[in-house]
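In what comes next, chain A is part of two complexes: it sits with chain B in the first one and with chain C in the second one.
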Partner chain A sequence: MELCAQQIAKWYHRRSDGANRFFAVKEMSFSACSGTLTVLTGRSGSGKTTLLHMLGTLLRPDQGKVLLDGRDLYSMDDRELSRFRNSRYGIIPQGYTAVRSLTVLENILLPVKMYGRGKDVLSGPDPAKQEAQRLLLRFGMADLSDEYPDRLSGGEQRRLAVARALAGKPPVILADEPTGDLDDENTACVMEELRKAADEGAIVVVVTHENDALSYADYSWRMNAGYLAAEN
Partner chain B sequence: MFIRMIRGALVRQRGKMFLIAFTIALGASLATAMLNVMLDVGDKVNQELKTYGANITVKPNSSTLLSSLYDVEDEGEQIETAYLNEEDVSKLKTIFWAYNIVDFAPFMKMAVTLEDGNEAEAVGTWFNHHLDLTTGESLDAGVVSLRSWWEVTDGSWIDEQNDPVNTIMVGRMLAVRQGWNAGQTVTLTGPRGSEEVTIAGIYDAGGDEDEQIYAPLDLVQKLNGLDGKVESIEVSAITTPDNDLAKRAAQNPAALSAADYETWYCTAYVSAICYQIQEAIPDAVASAVRQVAESEGSILDKTQLLMILITILSLIGAALGISNLVTASVMERAQEFGLMKAIGAKDYSITGLVMIEILITALVGGVAGYFMGFGFAQLIGHSVFGSAIEMKVMVIPIVVVLIALVTAAGSLPAIRMILRLRPAEVLHGSKT
Partner chain C sequence: MDFRKLPIRNLVRRPGRTATLVLLVLLLSFTMFGGALTLLSIRGGTKSLEGRLGADVIVVPSEMASKVNLDNVLLMGTTGSYYMKADILDQIRAVEGVEKASAQLFMASLRASCCSVAVQVIGFDPEEDFTVQPWITRSFKRGLGDMEVLVGSRVSTEVGGNIRIYEKDCRVAGRLESTGTQMDTAVYATIDTVRTLIKAAEDLGHDLKLPGDPSELVSAVYVKVSDGASADNAAGYINGHIRRTEAIRTKNMLTDVSDSMAGVSFVMTILIAAVWLLVFFLILIAFLMILRERKKEFASLRVLGASSGMLSSMVFRETAIISFTGGLAGIALACLIVFPFSALIEKMLDLPFLRPAAGTIAGLAVGTLVMCMITGIIASAWSAYKLGHVDVSMILREE
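Let's look at the complex of A and B:
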């Protein structure tokens, strides 16, 4: 499987710039294959999140195409794209995100349950649930599974988001600063899990500021004011 | 999980949801109250207009009065007012539109002295006067049907066929003041002597009649010595609503062209019927009293219009209030919805979620509002109309539809907002 961006660009019109376009992402191509972990670094405002959103079906590029396995993502309508996103993508957004009326475990299983994929819970062991519990244990949050997200610390919420993206074992995982406010130990845990997902065949793209992350990467790129440059 | 999400959202946003429910309850209560009052008062007035039936009065012609005045002077006798003859009353059923005349009753009023020296007004009339007409038809005419809305609170209506002529009915107020009951015998004194009479019933007319005595016409004629005379006749006729022709004819039938006259005469306009009554009863003037009913009708229309306006305005207000609250509630959760989209939720699953939340809230508010409206209606009924308002079942579906519309309209901006929500815009790293 290959995730492939062809000559994509995203621009905004800024009030101060008048009619001039401000390019959040300048025309670029990018690709990543199954079983690889790609790290994206760059200064704040350099367009990392914008690129990740475009790769993740969340933001339509102003130019170019994004293909997953040869399929043009932005040619689908909302219904189709939503289902597609649900079944193929595990997205870890920047910042804190959780549905506040669901418990930690329910939040983690929400993507799996959304289209009834986890319906066979009663008949036999549910692999997603087992995976969720394994991840919680791994992230040191086993006793928090029935808590509500507002009770969690910032770092715990980040790990919740990571577990939510990984539990369903999607073929594409896009992580936007997944280790943002984690201690070294937890950062290592999260990076190891992302690495594990890649080893199991997923396409993993991680935006990060941590230099340590580079040691888990197969490829690493650096964003610089909308430009993408290979680092190794 | 879906249910838990809805419940969770409802609980977490209970303050806002309570306000939404309250807004809906206010709208629903006003709509309920206004609709019930409107329908009930409309019914009441309509019913009275129907039963007030008497839409034509027949009186002696004033010119006869004048001529009799001159006669009086010439012959040096006492001044008399003009009267109609009781025997002419049944001629009403001989006119062209006889079948449209549903009911009628002659009247004769006089002052009588009671046992304790007080005076009261006695009205002589027919109750259920049996008539065998020359056409072979027979009917019972009189106030029993012409005043069908009266309530006999004690005893019963006079039955002319079986009760003796010395039987009377007494208005509620008068009966209370005199301490009279049905079955009691009292003495009435008029200019031509006294009569012992039995009270057949006490009635509640809800008007001036509650101070009067209603007696058979014969009895009143005996008391004031005017045998075979009546002062006026009330006629209840089914009429065709007036049009231009009818209005022109009412001014002067003679001015109409022959063809117009024919059309007018052969249509049951109230003016045509009046004209024919005057032809049938000598020296009588028949006039429509429908104008009163019509103006009552138009006041009623205006009141109803006002109530409809109040209802519409309050519903618009409710819709605006709801739209603010729902929008705020959605805005507060924009990031959560953005996340759900990022996880793969379809736009309409999220709108569905919000709609269900609002529907549940609206249901609670609507039910509470209906009962509040019930209270309002009774309050309005007692303070404005002096009677309880009957709650109509048909109001429930109307209120349900109105509330559904208002809620839907109120949720529209929020729904639009959800549809426009771009996960990329809300997932930039803001904090929960």
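Let's look at the complex of A and C:
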């Protein structure tokens, strides 16, 4: 499986720039294959998150195509694309994105349950539930599975988002600052799990400021003012 | 956790917000259902009154016409006792254009040890009556015997039992249909039975201030004019030629009732419309206020794969649950207030109040629920659209 961006660009119109376009991502191409972990680094505002959102079907590029296994993702209508995102992607967004009305375990299993996949996830042995419980144990949150997100610390909410993206074992995992609020020990845990997912065949793309993440990467890229440059 | 159950979880986990919205819908539902039920009850009562009142003219003692509200006594059955000479009946029958004339004799029993109930007792002449009997025969098929009474629907006495009026036992021969007026708390007997009761009251020392022997007195004469004759002319003639009487056109009385009903209808309609508008805008504002709070949550659901249609549907489901719950609670509250206190409402509005049939009430409840749900859904439509079409990328950056 290959995730491929072909000559994509994203721009906005800013009054301060006159009538000119502001390019968040300048024309670029990018690809990542199954079984690899790619790290994107760069300064704030360099376009990393914009690129990740375009790869993750969350932001339509103004130019170019994003393909997964040759399929043009943005040619699908919203309904089809949403379902596709649910079944193929595990996305870890920035910030706190847990659903407040669900418990930690329910949050983690929500993507699996959303379209009726794994109907008995919460009532019997199920790979997704077992994986969710393993991840909670791994992230030191096993006793928090029945808590609601408003009872969690910032670091715990980040780990919840990571567990939610990984539990369904999607073929594509996109992580935006997954270790932002975490201490060294938890950062290592999360990066090891992302590495494990890549080793099991997933395409993993991580946007981060942390240089430590580079040690887990197969490839690393650096973004600078909307341009993408390979580091190794 | 099924995604379809998420709306319920969202509502349960935000009890303050949910309770506020449910209360708003409850207010709407209570006003709509309670107001419409009251209006229908008044209309039903008035219709029943019109159907029952077969007389064109009612003649009463002139001194009483100025002292009491005759509409209340004659139409609504409010307690009252007044008398005039019975020979007036023959004079009225002799008036040109009068087809039928029938006398009634009223007396009020006391809330005292002599009487088991405090009621207006209405005596009529079974041979001549044309106003009470047609209504009575719908519930009671045979003639009324001596010391037998028929009780209104709200008199709490069993049929076959006795009620005691001025130490005289009267057998309850039947119960009448509800009219929605205080006639439902009255007792009906032959005019001879009422005369016996008046005499019994006097024997017990009660001064009824009778102007003569009870056997020579009546309280009111009900007149029906013949086809083609003018009721106004008959009433005018009686007023001009028969002394100490006042002839009143029943049409005028009913016009007063209709005017009052129109006034109440107008006020009620304005009230319902005002509350609907108020609640609509409050729900709209409430949803707009929570729009910002929920944008992040909806963006997260989009990230997880929810389509914009699923998210809009989630908002509508939440609204539907709130509207249904609030609507049902409002209907229940209105039932709890309107039904037990219908007598009080009748007294306050001074209009006949007859509860509609169960089917009509059920239809009204369903209509109210549907209106509540439509109101909630329209008020939340903009929020549902905005939340379903959030700019995920933009919102995820707003930290």
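By definition in this document, the second predicted complex is superposed on the first by the 227 of 232 C-alpha atoms of A that agree within 3 Å, B and C clash if a C-alpha of one lies under 4 Å from a C-alpha of the other, contacts with A are read in each partner's own complex, and residues count from 1 in each chain.
Just so we're on the same page, a residue touches a chain if its C-beta (ideal position, glycine included) is under 8 Å from a C-beta of that chain, and two chains touch if they have at least 3 such contacts.
All values reported here derive from a predicted model rather than from experimental measurement.
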item: Clash or fit, chain B versus chain C on superposed chain A; value: clash
item: Partner chain(s) touched by A:Ser87 [first = chain B, second = chain C, both, neither]; value: both
item: Touched partner set for A:Pro149, first chain B, second chain C, both or neither; value: first
item: Touched partner set for A:His53, first chain B, second chain C, both or neither; value: both
item: Which of chain B and chain C A:Gln157 touches, first, second, both or neither; value: first
item: Segment of chain B intruding into chain C (one of 62-70, 98-106 or 242-250); value: 98-106
item: Chain C-contacting residues of chain A that also contact chain B; value: 49-50, 53, 56, 58-59, 78-79, 82-83, 85-87, 89, 91, 93-102, 106, 109-111, 113-115, 164, 176
item: Residue numbers on chain A that touch chain C, as the complex places them; value: 49-50, 53, 56, 58-59, 78-79, 82-83, 85-87, 89, 91, 93-102, 106, 109-111, 113-116, 122, 148, 164, 176
item: Touching residues on chain C, where the partner in the complex is chain A; value: 1-3, 6, 9-10, 12-14, 296-297, 299-310, 392-393, 396-397, 399
item: Touching residues on chain A, where the partner in the complex is chain B; value: 49-50, 53, 56, 58-59, 78-79, 82-87, 89, 91, 93-102, 106, 109-111, 113-115, 149-150, 157, 164, 176-177
item: Sites on chain B touched by chain A in the complex; value: 1, 4-9, 11-12, 335-336, 338-347, 349, 422-424, 427-432
